[in-house]
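Chain naming follows the written order as A, B, C and D, and within any one chain the residues start at number 1.
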Amino acid sequence: MTLDDLAARQRAFAEARDWGPFHTPKNLVMALTGEVGELTELFQWLTATEAARAADDPALRPKIEDELADVFLYLIRLADVLGVDLVAAANAKIDRNEHRFPPGVGGAALRKD
Amino acid sequence: MTLDDLAARQRAFAEARDWGPFHTPKNLVMALTGEVGELTELFQWLTATEAARAADDPALRPKIEDELADVFLYLIRLADVLGVDLVAAANAKIDRNEHRFPPGVGGAALRKD
Amino acid sequence: MTLDDLAARQRAFAEARDWGPFHTPKNLVMALTGEVGELTELFQWLTATEAARAADDPALRPKIEDELADVFLYLIRLADVLGVDLVAAANAKIDRNEHRFPPGVGGAALRKD
Amino acid sequence: MTLDDLAARQRAFAEARDWGPFHTPKNLVMALTGEVGELTELFQWLTATEAARAADDPALRPKIEDELADVFLYLIRLADVLGVDLVAAANAKIDRNEHRFPPGVGGAALRKD
């Protein structure tokens, strides 16, 4: 299943529930914020070591998958409403990043960005 | 290009720059927050009407594509580091939502969620 | 009651529950993200008109107060842990903004910021 | 200077620049998200140890103060627009938390919340 298929599945889902009028760009950006907040809450009190193993915890893993899915679904829906091709935009961004950050540049460059 | 290809491209990008140690779950969740913040800044002072047409604005469109790409890339990277299949998680979530929100349920159900 | 009193009240609260080790800057920044996400969820599906009257809705108002309080409390706690005087920092920022944005500058300047 | 003074200072600032129409609840919630995103970016690539000392770094400290101020100022402005007394709401929330989390409850309770 491609990203286009997922976007189409969500579009049909929203239409069948008359949610189109709610799915405006501002509202969807806010929904994305809400879901990133819920994802963050799963990790906020974990140590770095615990967080690195969080996906191995059978109680936590389904919650992580659920929140990652929510962020992903609102991101796809927002891009669909705006008419943006996420995969093309992502590849174009990595292309630009390959020029900004030459191989071997190390962590100092990441921190300065 | 599939999501797996994009994840592999980012993994190679991070490895070539020794960014692996920085790409921990907590750090990537925070990076996602930062990028959603930048995306939000593009829409925050627009009216609902202006926001609906934002992607038609030639000055704004490349910024929107850039920020959507950043959110998408950190989401893919986070899922990759956690070993979560985003497409499978998203489909499983829509499956559950189809039970929670029957067709025709309307906007009141969305708002109560 | 001043902001210092509130910071002291929260510090005592955290100490009495042995939460000090969890209240690191990274964790508190993440907690702030989580609470801003919850606040956002209260407004995301409202129209601009509905949102302007949200605090008059007897069912919604206590939720808004609760989420504003959560954001405020984590912000105070974070500033306290970092040793930053929020009121001084806020006044210094308005001072700078008075130079960046002369009176009468209008909304275009806000949007370009 | 009290929180009321700061709210009044910001109100006058917004009025003198005709920013009132932009300072709607939805827009201010989004502005808060943007500022929390910028604050998060200061901490995201730091280790826990580095983040704990971030405010001692002379290059980083003014940026931290600046971003904390931005979050604080939009929070105060949002509460003012909504007619919510932040200090009263925060004290009421700590009162409730004292019942939910008895002294000595420890970190497990925080994580379950």
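Keep this in mind: a residue touches a chain if its C-beta (ideal position, glycine included) is under 8 Å from a C-beta of that chain, and two chains touch if they have at least 3 such contacts.
In UniProt terms the chains read A, B, C, D = NTP pyrophosphatase, house-cleaning of non-canonical NTPs.
All figures in this text were calculated on a predicted structure; none of them were measured in a lab.
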Counterpart interface for A-B, drawn from A-C, B-C or C-D and sharing over half of its contact pairs: C-D
Chain pair, B-D or A-D, that carries the greater number of C-beta contacts: B-D
Inter-chain centre distance, subunit C versus subunit D - centres from mean C-alpha coordinates, in Å: 2
Inter-chain centre distance, subunit A versus subunit D - centres from mean C-alpha coordinates, in Å: 24
Set of subunit D residues in contact with two or more other chains: 22, 26, 29-30, 33, 36, 40, 43, 45-46, 48, 107, 110
Contact graph of the chains (line, ring, star, complete, other): complete
Sites on subunit C touched by subunit B in the complex: 26, 29-30, 33, 45-48, 107, 110-111
Complex contact set, residues of subunit A against subunit B: 1-3, 6, 9-10, 13, 16-19, 21-22, 24-26, 29-30, 32-33, 36, 39-40, 43, 46, 48, 51-52, 54-55, 64-66, 68-73, 75-76, 78-79, 82-84, 86-87, 89-94, 97-98, 101, 103-107, 109-110
Residue ranges of subunit A touching subunit C (in the complex, touch as defined): 22, 27, 30-31, 33-38, 40-41, 43-45
